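Chains: A, B, C, D, E and F, in written order; residue numbering restarts at 1 for each.
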Amino acid sequence: MAKVVTLGEIMLRLSTPGQERIVQADEFDVNYGGGEANVAVSLSNYGDEAWFISKVPEHEVGQAAINELRKFGVHTEAVARGGKRLGIYFLETGASMRPSKVIYDRANSSISEARVSDFHFDRVFKGADWFHFTGITPALGKNAQAITLAALKSAKKHGVTVSCDLNFRAKLWTSEEAQVVMNSYMPYVDYVIGNEEDAEKCLGFKPEGTDVNTGKLSIDGYKKMFQDMVKKYNFKGAACSLRESHSATHNGWSALLYTDGKFFQSKHYEINPIIDRVGGGDSFAAGLIYGLLHLDPQQAIDFAVAASALKHTIPGDLNHESLKEVMDLMGGDASGRVKR
Amino acid sequence: MAKVVTLGEIMLRLSTPGQERIVQADEFDVNYGGGEANVAVSLSNYGDEAWFISKVPEHEVGQAAINELRKFGVHTEAVARGGKRLGIYFLETGASMRPSKVIYDRANSSISEARVSDFHFDRVFKGADWFHFTGITPALGKNAQAITLAALKSAKKHGVTVSCDLNFRAKLWTSEEAQVVMNSYMPYVDYVIGNEEDAEKCLGFKPEGTDVNTGKLSIDGYKKMFQDMVKKYNFKGAACSLRESHSATHNGWSALLYTDGKFFQSKHYEINPIIDRVGGGDSFAAGLIYGLLHLDPQQAIDFAVAASALKHTIPGDLNHESLKEVMDLMGGDASGRVKR
Amino acid sequence: MAKVVTLGEIMLRLSTPGQERIVQADEFDVNYGGGEANVAVSLSNYGDEAWFISKVPEHEVGQAAINELRKFGVHTEAVARGGKRLGIYFLETGASMRPSKVIYDRANSSISEARVSDFHFDRVFKGADWFHFTGITPALGKNAQAITLAALKSAKKHGVTVSCDLNFRAKLWTSEEAQVVMNSYMPYVDYVIGNEEDAEKCLGFKPEGTDVNTGKLSIDGYKKMFQDMVKKYNFKGAACSLRESHSATHNGWSALLYTDGKFFQSKHYEINPIIDRVGGGDSFAAGLIYGLLHLDPQQAIDFAVAASALKHTIPGDLNHESLKEVMDLMGGDASGRVKR
Amino acid sequence: MAKVVTLGEIMLRLSTPGQERIVQADEFDVNYGGGEANVAVSLSNYGDEAWFISKVPEHEVGQAAINELRKFGVHTEAVARGGKRLGIYFLETGASMRPSKVIYDRANSSISEARVSDFHFDRVFKGADWFHFTGITPALGKNAQAITLAALKSAKKHGVTVSCDLNFRAKLWTSEEAQVVMNSYMPYVDYVIGNEEDAEKCLGFKPEGTDVNTGKLSIDGYKKMFQDMVKKYNFKGAACSLRESHSATHNGWSALLYTDGKFFQSKHYEINPIIDRVGGGDSFAAGLIYGLLHLDPQQAIDFAVAASALKHTIPGDLNHESLKEVMDLMGGDASGRVKR
Amino acid sequence: MAKVVTLGEIMLRLSTPGQERIVQADEFDVNYGGGEANVAVSLSNYGDEAWFISKVPEHEVGQAAINELRKFGVHTEAVARGGKRLGIYFLETGASMRPSKVIYDRANSSISEARVSDFHFDRVFKGADWFHFTGITPALGKNAQAITLAALKSAKKHGVTVSCDLNFRAKLWTSEEAQVVMNSYMPYVDYVIGNEEDAEKCLGFKPEGTDVNTGKLSIDGYKKMFQDMVKKYNFKGAACSLRESHSATHNGWSALLYTDGKFFQSKHYEINPIIDRVGGGDSFAAGLIYGLLHLDPQQAIDFAVAASALKHTIPGDLNHESLKEVMDLMGGDASGRVKR
Amino acid sequence: MAKVVTLGEIMLRLSTPGQERIVQADEFDVNYGGGEANVAVSLSNYGDEAWFISKVPEHEVGQAAINELRKFGVHTEAVARGGKRLGIYFLETGASMRPSKVIYDRANSSISEARVSDFHFDRVFKGADWFHFTGITPALGKNAQAITLAALKSAKKHGVTVSCDLNFRAKLWTSEEAQVVMNSYMPYVDYVIGNEEDAEKCLGFKPEGTDVNTGKLSIDGYKKMFQDMVKKYNFKGAACSLRESHSATHNGWSALLYTDGKFFQSKHYEINPIIDRVGGGDSFAAGLIYGLLHLDPQQAIDFAVAASALKHTIPGDLNHESLKEVMDLMGGDASGRVKR
């Protein structure tokens, strides 16, 4: 059992039932999630001790976000309370050629306006094994950038392994801003996760021969990119998921890990139908962290891609699946036969 | 058929189903409403031509707010589009001694950051008969105060009768701020609506012998207050609803109108159970406007109180009831016998 | 265990969830019911053998109506299949001073256009103990009047006791039409059920001193009316429920039976809140039939009023309650204490 | 922005949730729609000024139908009120090899019994650019045939372009009846839409080599049919969608337009899964009208087929999609990647 | 119309809505079902007279199970009442590579603790044509084994044809126990249904070359197994469905029947998407029984596989489909085109 | 912040939506609760550190029970895993004169078959301030009696204050059995909670002049009973809630505490409507424990009765309310005015 810490924003997710569009909705399904919170929940479900650091409002909506994390065993003692609001995002789930759509309403959230003094990082990182953050948090603004940096420093002080999911978000900052900030964090990072777009926009790297819109993927381009990144930043490893977007409900899914100078490519899954695509990347990151903590590299990338393939079949941001279920799928049973 | 214009904020209302608390909610019922929008819908339902002025975001949530108004025949051509977000409020509905609870998440809404140049008031007020606004709009900030003032000037230029529901909101501004701004608007106002708290906090008036917490009401205190207000501001009339809060589900309900130097007291209703209390005051204002436009003063206050009593039995902010239904209740049939 | 036969129309009921109004509805709750079908279900629930005679379309909506009856043990072998449509009614449930509202869409239903030859009455009435019909069926038109008459003749031929719930429906026929038809049926009737309005509109009787709108009831007026009716038609008995309509959610409820030259007045209940008022009268008729078949007159009227009081607390037209539950309430336990 | 007028019936649609069958349903989802109303909503969503002409009952169910149209900006001032009922259809949604099933309950609807004098066509068609009707409306009976003819004459008088979606419905009339009536309308028609069955049953045409049950389509047969139709009736154009029915949840989808003596074939889409097939044809007609009004012929047929492909992914009859969304899909992005 | 009797357990099924996992569920969908009850409902839907024998508790949950059967016309007069509880199973529905999951909570159910004296088999089997049971019932324990044997003896006494669906359930008993008991029943059985696993675990047979996990099926292996079984037990026939498990939502589906010394292989269907997989085997057994009673062997196996293919598209355990629908699919229309 | 430990059974609660009866239910609302778990959740909500001891199955339904407790901050580290099943109870909520109904299906639950060795009481009670149990746990059987006794001994060893809610359940054991066991526990108990029936059935005491069915309460009888109990068992205090059952939806509510030789009577509340009566007694116990830990006796009983009055307005077993909300109600604001 490892102690894993994540830091970031948790939001209220308001999604339309079924495939309804927002203009049709008479009710919204209520979920709470966010990249780093999703990672914490996954790891808690696998049996690790997961801690989430954030700040949420005092009121009941903030409390509900904390409750959702506690429900799955995540430690929330390090979540500060206060500030103005919980970030919100609206989601409508697509089908076939109609893409899912996300509308963000996350400005001025408590975490985006928090201060370093809201947190006691040394208490949390003491005894921790792993720290995970994403490029979304620093994109929230100067305050969040300072908090991220303080967390990174504390993590390093306590000898904690650090992973970063680059996760470039064009609606939150520009590539120029991102490159300045993210490059300053890389010295603290051991493992980086990112697809071609993230690597380009956050760090200036780009795989050749890949077109995100067509779903055409060049493994060779990725390999070259990972080697360059590891050389430049001295990472212990780099990884990404490889998504082939056939439609909103049908994706190909596999992944690539580069570590110890070797490439490890995962099994490949056809996910059809996709039940909920949101949180798919986070479940991959969580699976990878679990794998790197407890398994060998080939198993790690297979665990990560199996875990995240399963996530695509589960409603909500959070990845409600057990260690055994991921292991079973990794072990080869993708037949979907009833378990009874 | 009269043309009535209202100006204000329309919000997304997220309420828990039944009597669930926010920490229990897995889904939120979706409604759209706001004081002035609610008034416009009521009047459209009674057959008047209702216009609503506001600003909402370009995205689908903003569109859904407009659609809800159009659904009930309100003219939305004067609603500007743009800005950052639609204001939100969370609602849990109480029962018995547990009060309903509202959490506002309305800062930085499109209307609160709109500018006078977003609107073409003269086009809207041309041919209009009535303009209604509330104290909530100027409480949104300097921009909204300027917009309200511009609307008042345009209304007066076109000879439009003006009503104001004082509606003091302590979470939005202080009594000191309110008194400066609201007093500056009073010269444009013909009819004022407000309970004892509103009158005190917005204008500095207070009825004697009333205790809002106990539900004890002093009609004499109100009468004195109304006479003083009319004298000071030269209003054509002043009115308020008189709510006796027995519990979250049981209220007494009546109203008082002072106009032409005379007092008109309405019938009294016991509302038990209350289905949805929110929008009750707005339905009273709408009923009063309808009454003052089409009926005599005694009928007007009876119409207003019957209309708003009915509203308490209808879910959502909006008052879905027909002219005939209000007239039937005014006419004395409160037996609730099945109509078939 | 007695064999009881009822004849009439079963409709698809489309009701808005909770207290929503029809213009707010995004879904309708689906129920199937109708006066005589409701009586059959009640009696089947009490343990009698209940048969329902009607005609419904071949299609799945017709089948669903039959299935609902079979679900509660009612014999549907005598329900003819064919014709154009199943009658529909829309229901919105009121609250406090807002009445429930029914919109009928029942014209051209299969039963209204059925023919006597669709039915084999002698097969059904053989061995039967009781036949119940209401004034709604003949109000459906000439075809239904002929069917009703044929059923009455067959019932009498087999020595079956006959009860009639007058149930005048102003939207279906005039009082003039009703009086011609209903008077022609009375020679076949043993027990008549009707409130003051029914008696007046269907048969020309009226209790003195009663005002249906105020809920003011004159027991003496009723007694006089019953005596006159029994004298004129030679009924074995006459009964009615006495509803005091305080509001849509709060009624007083009791009943009166006149038989063997004596009056039997039931206990009185305050029903607050009413969950579903529709089918209340039918559950009274069913309770009375059960009582007259199996109990003495005082018990019969007490059973009928207890059964129908309980019905007001159950959603849908159908009265889902056991013999024991009615007996318990009759026996005096109206405290509503949890049964566990 | 063009002014487009449509005429026809709007119905209450009662559909079972998910893939439930009618005999399982405890609630029905409520939608309002009909071929011509669906076209009006689509065009309003794309930014045109859409008017719908019909007649609906005075009661709340009729009002709800109007409200649904107003919600999406359709002008309903020309909808007459009165008559007996709103037509209804029941829908259960199929899956895999189980087809969706529709049960009509639309006889005696207000529009089917309306009269020409209920409408003021000249007011509506003044300034209009386009009039669209379908073969369903005249199939409702003599009254509706006279109304359609009156509308066509008024449209022509005002120089309005006319399109007709043949839409043969075997449950409403015979091919013989249809051919008499529809042929009498063709002189008023500029653009005709119809698949092979419609063309045969309404006008007597038939493409060779097509089998509607196997989904086998002969483009050459269609081309020949279109040329013959245009020659005979002097149409400006003829079009149809080409559906390949692999299963209830998976269709191939493309379309063909013949105009100005040239054939324009659209892109082809695999729609899998289909969320709601109903209204697919109407969204094609609406897309085509939009295309013919604002784009060149190749763009027009591509727009029409993209718009209607998207419709298959949206619940309900109405096509809730924006101009931009159709343009994006036309532009080639069918990857279904999340928009955020 | 044949009289068919089935014997077994009916359970309360609690399933999560949509694809939710059990830890996410705030509500469970309520269904009632069980292998033999499902067969009875199917046959009643096809028009046969179906009887179900079981024992359920006196309380309302037991009553609800009976009501569900009555709703679809199944005779429940032979269901004994009493005992401690109704068996329960929890179901979450999978998707793509995530399998559906069943949790049984069925120990100590009324039927598992019933006694032979609870039933009057001779009354039920008098005039019966067919008796169907499964290997699940004897797996419930000694009492249920004795009841099954008593039923078999009574069935034989009345010359009733007997079918057995082997249905081995590893959670209920061991293969050793099963073989002792099931072998003792085989002399009473005319038709046996079972896949390779059932045949092996219950009777000791095994087809060669089949791997249940990969979905690889060897027809030749099955044929050999069936010939051996028929030779050993002198069955009139043996059959099984052949499921290819591509994923939880996509299966291939066909079947094989061996009777009169000949093999009959059915059509093959691709079922995609699967809506509800539970009850698929029971609908196959019911279809086969119907076919063997009313059709020739090739039609029988085609009917069985078409019926059960359709079942996979219907929510719940029960197979709500008409004889005509199965016949239409058998006849070749798997296009899923809307029926209207 | 105090550390409070409770021990008992947590069950899956399956309740019908709204006021539906079980035979009508197509879905059950899912909640988890049980007397002692409910107390733990209440105290955690008030800010104390609450621990719950029990045993639940390994499977997902057991996990969901744990998750529900964790969600509200209760420590579940001492909950053992294993055994056969989670106890279940079915609930239908009454209205007016129809009582709520509970059907237990709790036999053979994991906790009822647990052993003392499943628990490490000394670890949990170390540092604890309070231990609470109820008479329900020993009623589960010999195993549970031994566990309760072991817990009591451990609690006493660590100097923990002990409270017992007698809670006699006639369906689980007889009064004779109860008196033997419960009397053997009393030496370990500091505070006892129980109404007249509990005291009689568990300990042999009875207040005079009280009739639980009529709701007639004799305060004097209770006082005498409490004095006798305290004298006999040397309790620090005894308390009970005083419920007046006017109907299933309307109760009077107050309470009495006897401690330090003095009587403390609480305020009295009329609860109308009751939203959910289940868990009302547990919320009283929790409120009393909180009060005795942190307040003076009069405040303690006022806090307890206010807390539990509020509980009656909240759906589910668990009491989702904050310390501030109880304090506000205690402070006198029962007006139910909207909080915004």
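As a working rule, a residue touches a chain if its C-beta (ideal position, glycine included) is under 8 Å from a C-beta of that chain, and two chains touch if they have at least 3 such contacts.
Source: prediction; values computed, not measured.
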item	value
Self-contact between copies subunit B and subunit C, residue sets same or different by half	different
Centroid-based (C-alpha) most distant chain relative to subunit E	B
Per Cα centroids, the chain farthest from subunit A	C
Euclidean distance of C-alpha centroids - subunit B vs subunit D, Å	42
Averaged-CA centre spacing for the pair subunit F and subunit B, given as whole angstrom	44
Multi-partner residues of subunit C (each touching 2 or more other chains)	18, 21, 23, 26, 67, 101, 273
Touching chain combinations (by label order)	A-B, A-D, A-E, A-F, B-C, B-D, B-F, C-D, C-E, C-F, D-E, E-F
Parts of subunit A lying in touch with subunit D, wherever the complex brings them together	18-21, 23-24, 94-102, 104, 169, 171, 212-215, 245-250, 273, 277-278
Interface residues, subunit E side, partner subunit D - complex	18, 269, 271-275, 309-310, 312-316, 320-321, 325, 329, 333-340
Complex interface listing, subunit B residues touching subunit A	14, 17, 21-23, 25-30, 59-61, 63-64, 67, 84-86, 88, 90, 92, 101, 103, 105, 107-108
Subunit B partner contacts - residues on subunit D that touch it in the complex	67-68, 70-73
